[in-house]
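Here you go, one structure.
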Amino acid sequence: MSKVSAFLRKKPLIASLMILLLVLTAGCSGSNNASQNTGKNQVVKGGTFVYGRPAPVTSFDEYSEITSNNAFAIDKVFEPLVAFNKDGKIGNWLAKSHSISKDGLTYTFVLRDGLKFSNGTDVTAKDAAFSIQQHLIDKGPLAISAQVASIKAKDNKTLVITLKEPYTPFLSELANFSNGILPNNFGGVSEKQFFKKPIGTGPFVVQKWDPAGDLTFVKNKYYWQKGKPYIDKLVYKLIEDDSQAINQLKAGEVNAIESLPLENANELKQNAGTGVLTSGSWSIEQLFFNTLDKHFSDVHVRRALALAIDRPALTKALTFGYAEPANSLLPPAILYNTNKTIKALNFDTNAAKKELAKSAYPHGFSTNLLIASGNSTTAHLAQILQQAGKTIGININIESIELASFRDRFFAYNFSTMINGGQADYPDADSILAFQTDPKGFSKSYWTHYTNNNVTKLLYEGQKTPDGPARAKIYANLQQILADEVPYIPLYYPDVLIGVRSSVKGLVVLPNGSVRFDSVQITK
Amino acid sequence: MMAPILEVEKLSLATRSKKKLVSNVSFTIGRGESMGLVGESGSGKSLTLRSIIGLLPPGIEQVSANIRCSGRCAMIFQDPIGALDPLCPVVGQLAEVVAYNQKVSRKASRKIAFELLDMLGLPASLKQKDRYPHQLSGGQCQRIVIAMALACKPDILLCDEPTTALDVTVQHQILEIITRLQKELGFAMVFVTHNLAIVSSMCSRLCVMKEGQIIERGDTLTLLQNPQNPYTQRLISSVLPVPDFERRPVL
Amino acid sequence: MIKLSATGGRFKKLSGLSAKIAPSHRWLVRALIRAVSVVFCVVVAVFFIIRIVPGDPAKMILGQYATPQAIESMHHRLGLDLPIWEQFIRFVQNLVTHGDTGTSIVLGTSTRTLIAERAPVTLLLIAMASLLAIIVSIVLATVAATHKNGVLDHLIRILPTVTLGMPIFWVGLLLIIFLSVRLRWFPVGGVGQGLGGMLYSLMLPAITVAFAHIPTLVRSLRTQMLEVLESDFVVTLKAAGIPNRVILVKHVLRNSALPALMLLGVNISYLIGGTLVVEQVFGIEGIGSLLFSAISNRDFPIIQGIALYCAISVEIISFLVEIASRFLDPRTKGEL
Amino acid sequence: MKTSLQIEDITVTYGNFTALDHVSLELKQNTTLGLVGESGSGKSTLARVIAGLITPDEGRIVLDSQVLGKRRSREQHKMIQLIFQNPDSSLNPRHTIRQILAEPLLFHKIVNRSQVDKRCKELLARVQIDENSLVRYPHEFSGGQLQRIAIARALSVEPSILIADEPTSALDVSVQLSILELLNALKSELKLTMLFISHDMGVINAISDTVAVMRQGKIVEINQKEKFFSHPETAYSYELLSAVPKMDTIPSDRRFL
Amino acid sequence: MKSIQLDTQLQENRKGKSLLKKVLNTPPLLWGGMMFALLIGVAVFAPVISPYQPSHQNLFAILQPPSTKHWLGTDQLGRDLFTRVIYAARTDLSIMVLAEVIPFCTGVFLGMLAGYYGKWIDTLITLITDTLIAFPFYLIVIIVAFASGAGQKGIYITFILVGWIVYARVIKGLSASFRKQEWIAAAQTLGIPGVKIILRHLLPNVLPQAVVVLMTDMVGLLVAIVTLGYLGIGIAPPTPDWGTMISDGQSFIATAWWLSAVPGCAVVYTGIALSLVGDGLADIWRRK
């Protein structure tokens, strides 16, 4: 547990990809859907909720500065038209209703009545149009991929978006962190100034903010969900060190902590005053190969290594029951996953040796495994993979470098293998798939440089095909090809874990790692 | 002889590891009498003195002793500058000692201190401005130390090589002061030194110590003129005399 | 030099010369020159931190495979495109005019502001730790010295032997587990609100930092006190009938306090270093956590700024300690 | 008599403290000059200037008609040797007696390596120390013995001038006597030219041919020993002499020498 | 002549005291030496003592409590903790010793130079030490370790950079005080050149103190190595290292406390052993 790279440590996967892979809080569910039901008892109002987080909020710029440390604060201030709930289902949020034309090109949203920004002004369709338009201009890490033809405010309440071509994931995309609605023209100030004092429709308003330290919110008295949030104040307390965070939770100095290492979950569960909230996640831990690498351009080598790894065993050892071994690329919480049905390369040392014999390096070789320092689970995973490689004659040297250089290295394809994670931005299969298989994308198949025309074709087809069995078939095929050619080895799907005090009720954990506080109550 | 004011009987000292330092030293001193304790380094003369006043250095134990002292003791030391607290102005130190010994107020103690200073012929400038030990000469410091001893109103003054660290001219002055004070105040004195010449002028009786034992004792003059013990003889023959000079300097 | 000035002093008395003023100023001038030149060297060293590190700092910041334009602009931003002496002049100019080492690359704020925001907690922690260390050390050393070779003395003397090999973070962890999580006497970490809350929440970290220093302090203080206790003047005072208690408080402690002060001056750098690590263990948002986050962000101006401010504070403190000890010691006190 | 060492106008200052103030002295061959003075009078500084340990600010030293410069040659170093006050600290505590004696012998090539041991033993015999002592370390000896070894070392290089800086003041009186006896014996045996520094009038009387008195960095008086002790010329010398405690009880026939 | 006889007796006493006897008469040295010898022995014979490989994993037997099969239980990857602790001794102790070599030599030499010659050499060296010492040690270690990448390199570089200061300071003070001693003046009177005096006379006298400092400094270095491991910028896995082990085990402090307690105790044990040796040596040399 490095104190040094405490920077977004708990989620190495997100950490490495935080610029790209995040999702917005939402979920239509009210407090009755919360994992810990308060029952019919009276709602406990007031109080300050302290949330321990490993990294500070450095910016509220929802377009350009979407990193996980910022995103989970941005979604408390800005809210999108549509949002997903804890199961990943898309529903209306600021929109009262939405409709999609049959040809899949026209999207119409009607805003809720009585929506107000936190400064008391009304929210109009113009504001919404401006917000999305601005995102098209600013782009940023979570840019809108759909080909937008026009965005128009039909009247005060109605917003119409027209696409140039059908794009099935569009609605999910709109549920992103980066599509929160903000005042038209930034309320008359410059963009930079606006994001220094952000105004949105979210349940909380920034009160005190240290970009390198703590952040304090107070409740938004104009919030559209009447009576909510129940708490008066929300504090994001910076606790860079995981064990420090756990200790503070145990001692009751914080109400919940965002960063909870898998290995400590059971400890908190057994402890009297604390508990753990989980949510099936949208992320997946993987071993990536650089397919430009001398050794790993050989598919047999990749397959051999995949066969040498005992995924269920390592999952069990590393995640203490808070993860599921991965067979396919898509996490089980996302539609069209084939984790149960796919034919994966399961652990078989003999088969692995045979597979390696077919390769250009039958007697093995030496290679490097790049990991980001500062995360004990990753470090242990690396050592397990090292051991697995050894059984078939592949010598793996672990190169542990700190996060910033780690990112630099794989962005430059300067690695042989690496441990990294993928996370869906929004609850659509396309989110992960596009990022990890499109050789023309920004990431070039997640920096593996993996190129397969069949895969690409299937990917584009999937984007245009409306939801249904046809889309399911496309994605099943795609996942099987990936499982056979292994540009990356899926290892496990880690749960989102949030450590809480037992006194906390109504906390909603979303599969993207964010937490909703609007229904939170602090009971005695 | 007068009634003894100090009786030391069978004094034995040893280190923790049972190394004998002083064995079976006995002597008595009468009121106003002065006795010399002579010997070379390591003969145990200083330790004997220290055990009389009950301030043995750590690690040294009194194996056996019967010390009867019917008066107040005070002591003066070899290194006058080291014998004063370097962080404390000298008059202040002296006044402190006066205050604790004579149970008088702070103001009165200062007054008495100044009287003592006058008595010892210390510069009047100390009255205006107190000084730290390092600002005074060795001789001046030794006078302060003597004043501190006198502040205890001693019946016995224990002198532990009080002039060894001083220059001859200063030594001369200090010895004169001690002699004068003894005449005026009438205290008894134990004078420890290795210098036979000093003893011959200061003390009426003499004990010669060697390796922790008194090997010879007696009246100073008799002993020096007619030493019995070969060691004493050797000591005396080691003294390097200075020829007599013409009393009148050629100026 | 000391020896010479001592003979000098005696000479003055003998001759009655009052040529005292010049030498007494001389030490101050010398100490000032020393401090200023050390500060200058510190500035040079800090300036070179970014330059001794192998490789191009712009590349380190931007990543090895950044585009040439980006590297160019970062070079320009860091001033690396200028000749080295000009860079240094700029660095010093900036330091003198703004009192900082530039603007944070990641946070976009001036390093001075960032450090100033975090400094109070760290300074408070250092002050508390020093105070605690001094008080506990004096008490322990007094007990040990006055009971020489007793049971307590032996226990106190064993202390450094045992604690020397205890990593400071490890001590912190143990204290957290026992005193905070188990016994709940202290908060686990973080910094409380208000002065009272701050003092309370910094208690345990201060104990941890102090813990690392108490053994060495006690060890030398004890030696010092024994030396004083066995010195001639204590024997003189005892012989002159001053009660032991008074001697201990008025004379022995005072005489031992000076070396203790100097020792703390020597150790202050070590103390600050320990504080930076302990801040991490206790999750205190002070200079330490700023340093660590700057390191993982490769935010060189912040690293430089912290290094600079730490080193300069150490230098200022040792300068003050030197002056203070001169003042407190009449033997070296000059007529200022 | 031939002048062996000429000291001309030596001045040494530390800051604004003058340790030696235009000191001039002459050392005649095969004689002993006794230098007396109280502490701080500059006697030791003078000894160190002559031995080349301190460079004077002014003045010069002439040894056998050659002027000793700031940097002395190996030969010039050899010619003047010094015996120190404190025998405990004048011998390197981590060297054996053999190392201590052999170093100057080898460095100045007095004898070759094979004869070093023999020569060391001779030297020890001359100062009446057991030759088995060669393998021992200084801490195993008493002060008097150490001073003898220090004398042996100083003599090993066959110097033309020996400076003794209070060589007996750290010793007990009986030991002091034996050291003085030894020095007196060596003096006549080896025809030494010696500068003997002391604050003790008795010691000076016992060893010197000529007496010089120093006070506050200046030479106050230089005189023949007999004349000095019987008819001191200056008031200061008179003061010094009269301050010496007298032991009138000693019969005159038991006086030293 | 009497006093000379007395001395001969004393010599007999001292002569009988051989080195071994000296050690036996100094309990701290004896105990510390034995503790340290045991540690070295365990580290050297690690492969003989332990039936396991330090990096051998058993994912089906993770976090096992101590048993007869695994004396200290297993860690989070099912590796034998005892094996790792003793193999870590190899890693950490060898770095500790190697990293001290250059600083020790340079520090002692520069210290003697500054102490002996004084003047501008002293001023220069003091200026450098004062400058470097103004930077808190851990600050430098952390920055250098980061700049040079994780692993042993950073420790070596940092130590070459700043490790000599403590020796230079101590030895300078010592040399300056020896400089005033008359045996140095005696050597100078003989005309022996400065460098020779430094190496032949000064060195044997300052060496004992330097070795005493070395003992405590090694402990400090070990603690620094462990701290870096704990901060995640020390020795790279899977090479066993106490610091990384403490840090790894920290997550399990509530459930498997021995994971970080045992390597922590190993560090403390080494610290005690070395400082006892240091105390003992200081005792012996002081007694003389």
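To keep things simple, chains are lettered A, B, C, D and E as they appear, and every chain counts its residues starting from 1.
Rule of thumb we're sticking to: a residue touches a chain if its C-beta (ideal position, glycine included) is under 8 Å from a C-beta of that chain, and two chains touch if they have at least 3 such contacts.
A quick map from chain label to UniProt name: A = ABC transporter substrate-binding protein; D = ABC transporter ATP-binding protein; E = ABC transporter permease.
All values reported here derive from a predicted model rather than from experimental measurement.
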Chains touching both subunit A and subunit B: C
Central chain of the complex, centres being mean CA coordinates: C
Centre distance in Å when subunit A and subunit C are each reduced to the mean of their C-alpha atoms: 44
Chain centre separation in whole Å, for subunit D relative to subunit B (CA means): 33
Between subunit D and subunit E (ABC transporter permease), centroid-to-centroid distance (C-alpha), Å: 46
Sites on subunit C at which at least two other chains make contact: 10, 14, 173, 177, 280, 292, 295
Residues of subunit A whose C-beta touches two or more other chains: 3-5, 243, 374, 402
Residue list for subunit D, restricted to those that touch at least two other chains: 172, 174
Residues of subunit C touching subunit A in the complex: 60, 62-66, 106-107, 109, 114, 117-118, 173, 176-177, 180-181, 184, 187-190, 280-283, 285, 289-290, 292-293, 295-298
Residues of subunit A touching subunit C in the complex: 3-7, 56, 58, 210-214, 237-241, 243-245, 247-248, 250-251, 253, 374, 402-405, 407-409, 411-412, 414
Subunit E (ABC transporter permease) partner contacts - residues on subunit C that touch it in the complex: 3, 34, 37-38, 41-42, 45, 49, 52-54, 160-170, 173, 177, 269-270, 272-274, 276-277, 280, 291-292, 295, 303, 306-307, 310-312, 314-315, 318
Interface residues, subunit D side, partner subunit E (ABC transporter permease) - complex: 48, 51-53, 72-74, 76-78, 80-82, 84-86, 89-95, 103-104, 107-108, 136, 139-142, 144-145, 150, 153, 157, 172, 174-175
Contacting residues of subunit B [partner subunit C, same complex]: 50, 53, 55, 57-58, 73-75, 77-79, 82-89, 93, 96-97, 100-101, 132, 134-137, 145, 148-149, 151-152
